[in-house]
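There are two complexes below, and they share chain A, which is joined by chain B in the first and by chain C in the second.
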Partner chain A sequence: MRYYRYGEPEGRLIGKLGNYDLYASVISSASNYVQPDQEIRSRGEFNFSYGPSTGGLMESVRFLISTPGEVINNISAHTEFKQRSLKIIGNTIEDAQLIIERLNGFHSASHAIAFLLSIEDALGIIPDDKVQAKRIIEIELERIRSHIYVLSRMVEPAGFGVPLSFLNSLEERVSRLIGKYTGHRFFFGINGINSVNVDFAGIYVDLLPIADEIRTVQESLVGSAIFVDRLQNNGKVRSEKSTGTVARSSGFHFDARTDSEALPYASLGFMPVVELDGDAYSRLIQRINEIFQSLEIIKKMDTYSKLDIKFTSKDNSSFEKDGKGIARVESPAGDLTYLVEVKDGRIRKLDILTPSEINFPVFLESMKGGVLTDFHFNWESFGIWISELAVSIK
Partner chain B sequence: MKSKNWFLKGVNRGIETERFPLSPPDEVAAWSGGIAGKGNANCPTDAITNNKWDAEKCIYCRRCFPNYKPTGNLARTEPKKSHGQFKKSFFIYPFDFGTCGACNVELRALSYPQYDLNRLGIFFTNTPRHADAIVIMGVFTPKMRDAFLLAYDAMPEPKTVIALGVCAITGGVIGKNPDHVSVIDIPGCPPNPYAILDALIRVRK
Partner chain C sequence: MNLIVLILFGTSVLLSLRSKKAGYIGIIVSSVVMVILEALPVQGTDFFFLIAGVVWALISWYSIKYDTYERWLAVLYTLSIFGMVLVLLSNNYIQFLAGWEVMSLSGYAIIGLNSKRAGTAFLFSAFSEFSTVLIVAGFAYAYSITGTINFTYLGNDIPLLLVSLGFIIKMGLLPFMLSEWLPVSHGSAPANASVLLSATMTLMGVYGILKVTLLSPSNVSLGMLFMGIGAFTVFFAALLTYTAERTKVLPGFSTIENNGGILVALGLVMAITSQYERGFLISIVLLYSLAHSVSKTGMFMISGNSSETMFSRGSSGKDKYNQIGGILVVSSLSGLLPTLGGVAVWMLLESLFMQSTQFQVLGIFSIIIGSLIALGEGLISGAMIKFISFTQLLKEKRTERISLSLPVLSAGILVVFFGVVSTFLVSRPFVSGNISLGIPYGFMIVSSLSPGTTFGVLTPVFILALISFFFMMAVVGFGRPILRKAEIWNGGVRLDSVYTSFAYSNNIRIMLKKILKPFSAETEREDGVKNIFWDSILSLGKFYRSFSRFITYKFMNSSMSWYVAYIIIAFVIVLVLAVLVY
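Let's turn to the complex of A and B:
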C-alpha cells in the first residue's frame, strides 16, 4: 500500500471504512469513530413526513421533521428507500468497474478513479504521469459541473428565474463539453488501469467563456439581498466530522487534494481556499471559489497532458494478481475512499467511504433550530447524493 | 456597462432555446445514441446478438468498440400506444426507484434553456395528483414499491408509465428492473436529454 499504512490513530479522522478508522494517511482498527446519531427522536407538536417521493427532492429519501409549525425542533431521515445492493465481490476488475461507475453517476469519474487507484495500489502498478494528469482534469471538470448544479438547486427554491436559467445553461454547456471530449456526459467507459482513453488538449480554452459567466452570476447572486438573506445563518455548522465543501466553508482546510498522495495535486502547489461562517451562504461562496480553482488546475493540467511523458509503469504482464490497496481522492462532495482486496485478478473485498455518508449526519444536525422554509436551501447546499449513501456491496 | 438588473441580463443574453425537434440536435455525446457494426462484441449485457444491437440493454461501456461504433443517431424505441389526449399539455412526475443519480439529472435537464420542455406543452409536476405520466428511473428497490403504487393510484385517469434508462427497462448491470408496463422505454445509460425529449414528443402523437 503506497498511500496508506496500518497504525495508531494519527491526524484527521475522516470516517469509518469497513472495519477500520480512516485517517489522512493511516488506517487503524481501533474504533474511535462514533457514528453521529441519525435517528433523533421528535418532541415537537407534530411530525411532518417529507418524501420518499416528491418533486422537491431529486432522489428518494424520507425526512421526518418535528415542528410546532415553523421551527424545526428535530429531524431524522430514512435513506434506505432506494437502497441498492451492488454485486461486485467475485467480479473481475473490469466488470466491477462497470458497476462502480454507476454507484453515483453524477460523480462517476471520482468513483472510477478512486477505485482504479486503489486497484493499482493493490497490484503494485505505478500510474503514468500523463494518466494522472488526465484523471485530475476529469475530477476537476466533474467538480465544476457538480458545483454549478448545486448552485442552481440552491437558487431554484427562491424562484429566482433568470439566474436559475443562467446556471442551468452553464451546467448543460459543461455536460456537452464533457460529452464532446470523452464521448459520454458522465465519463462512463473511458477509465482503465493506468489509462484514460481521452485527449483533453484544448479543453481549457473551451471552458473560458463559462468562467466569465460564472463571474456574472456570482456578482448578481451576491448582490441580491433577498436571496442572501435566505442563506445567511441557515444551516450553520462547524464539525470536524464534515468533509469537502461543507468542511471548507466552515474554516477547515480538509482536502484530499492536499493530504492524499493518490493524485499529484501537490506538484501544482494547490492550496484549498476556505470560508469561515459554515452557513449555506458560505457553502455557496465556497463552491463558486472552488469552480475558479478547478479552472486553474485544468489550465495547468491541460498543458501537462499535452506533453509526451513516457510510461513509468510496469508492463501489464508483470502485474501482481493479488493484493490490498487503498486510495482517497477529493470528489466534488469531499473525501472518497476505496479499500480493495484483489485475489487472482478478482475483487475479494471492497469497502467504500463516501462523502455523502460523512456529511449526511452533519446536515441533519445543521437543520435543527432552522425553519421549514429554509429546508431546501440548506439541503441543497450540502450537495449530498442518496445514491452514494443508500448502497451496499455484496 | 454592466447591468445589475437580472431581467436585462436575461434579455441581453438572447435566446438559447434550440429548435429541436424542428432542427437536429446541437451536440450529442457519441456514446449515448445508436450503435452499429459487425463481429464479436464482448458485450456484458448481451445488447448485441447476431450483429444486432438492442438499445434497451446497452450501458455504453464501449467494449464492443471498434467492431461496433456510434451511428450519431438518437437511441429510440417505438411507443407501444399513442396518447394523443396529452397533446396540448403533458404533465410528468419523475419517480426514482433506485438510480445512480445520472438519469435524474438528465431528465431535469429538459427544463434547461437549451431544451425548454415547456415550449412543447410538457411540464414537470411535483405531485402525482397532477401527473399524466409517471417516469420511473433506476432498478427495482423493494422499499420504493409501495411508494410507487401510492403515486400511481393518486394519478388521475387517463395515466401512463414511462421507463427511463436501462436500469428501469432491463436492469442493466445494476439489478432488476421494476415490474411495470410502460408506454415507451427511453433507452440509455443515462438517456441523452434529446432522446428523452424525442420520446416524450412521440408518445403524444
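Let's turn to the complex of A and C:
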C-alpha cells in the first residue's frame, strides 16, 4: 500500500471503512461508536414520514421526522428502500469495474478511478503521469457537472423556474461535452488499469461559454433576497466528521486533493477554497467557487497537453498478481475511498467509504432545530446520494 | 313581573334540591317566561334577558342528559342562575351586589367541588372578590355623590372607572395584561357550569358596565382607555386561544378575546357623546354579547361531549349534530357572515372605520384598535378551525348521542337565525332597505355617523339567500357531490402518523417566538408557550405571600400591642382619607 499504512490514529478522521477507521494517511482499528438514543419526545410531537416515494426526493429514502409542528426535533433516515447488494467478490477486476462504474452513475468517474487506483496500489502498479492527468480532468469535469446539478436541485424547491431550466441546460451541455470527448456521458468504459482512453485536448475552450453562463446564474441567485433568505442559517453545521463541500463550506480545509497522494494535485499547486458559515448558502457559494476552481485545474491540464509535455511512463512490467490496496480521491461530494484485496486477478475483499456515508449523519444533525419548510434546501445543499449509502458488497 | 321571574327561578333552586332533572326543567321554563316577560319587545338593556334566557334554556336542556354528577351541581347551577337573575332585575346597588355574590360564590363552590386542584377555586375566588371590591368601591363612591343606592344618573366618571375595572376582571380581563384565571377556573368546571361561568357570568360584567355607562357622562379618555384594554386583550387572548391545548381552555381564552371585543365597543359608547351614534354602538355590545354567549354555549357543550380534556388525546368519536352545530358556532366566533358573530364583528369594525374618518385623536386611535382586532380575528379563525377539527371533524369513529348533540345543533342554528334576523335587534335608526336591490325595508343594517347619511350597509338575509341560491344552483347543476375515498399515499409506507393539535398551532409559536418564548426551559405548560403577563401576576402573588408572611411573623406574631397599633394606624389612615376625599 503506497498511500496508506496501518497504525495508531493520526491526522484527520475521514470515516469508517469496513472494519477500520480511516484517517488521512493511516488506517486504524475501528473505534466503538455508539449511536445516541434519539427517543426523546416533546409536547405534541409526532412522526412525519417523508418518502420513500414522494415528490422532491430524487432517490428512494424515507425520512422520519419527529416534529411538534414546523420545527424538527429529531430526524432519522431509512435507506433500505434503495438497498442493493452487489456481487463483486470473486469477480475479475474488469467485471468488478463494470459494476463499480454503475454504483453511482452520476459520480461514475470518481468511483471508477478510486477503484482502479486501489487496484493499482494492490498490484504495485505506478500509474503514468498522463493517465493521472486525464483522471484529474475526468474528476474535475464530473465535479463541475455534479455541482451544477446540486445547484439546480437547490433552486427547484424555491420554484425558480428560469434559473432551474438554465442550470439544467448547463448540466446537459456539460454532459454532452463529456459524451463528445469520452464517448459516454458518464465516462463508462474509458478507464482501465493505468489507462484512460480519451484525448481531452481542447476541452477547456469548450467549457468557457458554460463558465460565463454560470457566472450569470450566480449573480441572479445571490441577488435574490428571497432565495438567499431560504439558505442563510439553514442547516448550519460545523463538524469535523464532514467531508467535501460540506466541510469546506464550514471553514475546514478537508480535501483529498491536498492530503491524498493518489492523484497528483500537489503538482498543480492546488489549495482548496473555503467558506466559513457552514449553512446552505455557504454550500451554494462553495460549489460555485469550486466549479471555477475545477475549470482552472482543467485549464492547466489542457495547457499541458497542448505544450505536448512528455509525460512519464512508468515501468509496470513486473506487477504483482495479489495484494491489498487503498486509494482515496476527492469525488464531487468529498472523500471517496476504496480498499481492495486482490488474489489471482480477482477481487477477494472490497470496502468502500463514500462521502455520502460521511455526510449523511452530519446532514441529519444539521436538520435538528430547523423547520420543515427549510428541509429541501438543506437536503439538496448536501449533495448526498442514497445510491452511495444503500449498497452492500458481496 | 320581576317577582314572578324571581319566584320561578327560586322555585327551580328548590326543585333541584329534590331532583336534578326537575331543577333543569324549572330553569328552562323560567328562562322562557323571563324572555317573554322581561325581554320582549327587545330594547335597551332588556336585551340581556334575551341573551341569558336563551343560554340558560339551551344549557339546561343539555344538562338534563349531561349531568351525571352528584346533586350539588344542579343545586349550585340553579343557585348561580338565581344570582344572575337578581343582578339583571336589580334596581339598586345592594340588590345588584347580593346577586353578584350569590352568582360568584356558587361558581366558586362548583369549581371547588369539581376541580382536582384546590388552587383553582381559590384562583377564581381571588379574582372574583377583587372584582367585587372594585365594584363595591365604585358603588360606594356613586352613593357618596348621589345620596341614593338606586341606579340613577351619575354626574361623575369615577364610579364608572371603578366598577368597569371590577367588571372587566370578572370578564377575564386585566388592564394591559393577560390573566389566565378565567380559562383555568372555567375549564375546571363541568361543561354545563363552564357555559354558565363563561357565557353568562361574564355577560353580567358586560351588563354592569353598560348599565353604569348609560348613567354616566361620556368621557373620551376613559373610552379610549377601555378600547385600548379591549384591543390589547383581543390580540393576546387570540394568540393563547390559538395555542391552547385543552378542549375547555381554548373556549376560555376565546371568552376573554370576545370580551375584549365587547369592551372595545363599550369603550366607544363611553367615548361618544352623540346619542345617535351611541344607539349603533349599544347595538354592537348587545349583538356581540348574544353572539358570544350562544356560540360559547355550543362550544362548551362540544367540549363536554368529548371524553378527553386534551385535543391530541382521547378516543371519543364524532357526531353529525355536533359537527353541523359546531361548524356554525365556530363560524360565528370566527366572525363569518351570515352568523350573528359575523354581523357583530362587522358592526364593530365598521364603527372603528367610521371613527377613523373623523380625523381626531379618537379617529387615529380607532385605526390602531381596528388593526389589533383584525389581527386577533384572523388568529381566532385559525383557533376555531383547530377546535372543531380536533374535537369533531378529524375523529374517525362515530358516537351518536343525540340528546347531547341536539342542543349543540340548536346553538348553531340559533347563531345563524339571530344573524339573519339581526336587523330586528339593531336600533331602529340603523335599519333600512333597498328596493332596487330587492331588499325590503327592515332587512338592511346601515352604519352611519348622523341621521340621513350612510357609511356602510350589511344585509345578512341577503347573504344567506345568496349562499343558499348558489348552493342550490350547484346541486341542481352538478347533482349531489360524488365522494371518492382513496387510500392515503404516505410515500409508499404504512400510514402511522397522527397529526397533533400542538403541531397545528406551532407555526404561531415559531413566528412569534419573541413574544411566546416557546421551547424554553420555563415553558413546561401544555400549550408550549410562555405568558409573561400571567407569570408576572403569579410572581406578584408569590411576592405578596412572602411579604405577608414576613409582616405576620415580624409584627403580628400574636402580640397584642402590635395588633392595637395596627388598628390605630389603620383607623387614622381611613380618617385622613375620608377627610381628603370629602
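One rule holds in what follows: the second predicted complex is superposed on the first by the 367 of 394 C-alpha atoms of A that agree within 3 Å, B and C clash if a C-alpha of one lies under 4 Å from a C-alpha of the other, contacts with A are read in each partner's own complex, and residues count from 1 in each chain.
Criterion: a contact is a pair of C-beta atoms (placed from the backbone, for glycine too) under 8 Å apart; a residue touches a chain by one contact, two chains touch by 3 or more.
Bear in mind that the values here come from a model prediction, so they are computed numbers and not experimental data.
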item: Partner chain in contact with A:T54 - chain B first, chain C second, else both or neither; value: both
item: Contacts of A:F46 with chain B and chain C, given as first, second, both or neither; value: second
item: Partner touching more residues of chain A, whether chain B or chain C; value: B
item: First, second, both or neither for A:R185, with chain B first and chain C second; value: first
item: Chain B versus chain C as contact partner of A:S392, first or second or both or neither; value: neither
item: Contacts of A:T67 with chain B and chain C, given as first, second, both or neither; value: second
item: Common ground on chain A, meaning residues reached by chain C in one complex and by chain B in the other; value: 52-54, 81
item: Contact footprint of chain A on chain B as seen in their complex; value: 2, 4, 6-7, 9-10, 13, 16, 26-32, 44, 59-62, 70, 93-106, 108-109, 111-114, 124-127, 138-139, 141, 143-144, 147-148, 151, 172-175, 189-190, 192-193
item: Chain C residues touching chain A - in the complex, by the definition given at the top; value: 245, 312, 490-493, 495-507, 509-510, 519, 526, 528
item: Complex contact set, residues of chain A against chain B; value: 52-56, 58-60, 80-86, 95, 98-99, 102-106, 108, 149, 160-163, 165-166, 168-169, 171-172, 175-176, 178-180, 182-186, 188-189, 216, 219-220, 223, 385, 387
item: Interface residues, chain A side, partner chain C - complex; value: 42-54, 62, 67-71, 81, 371
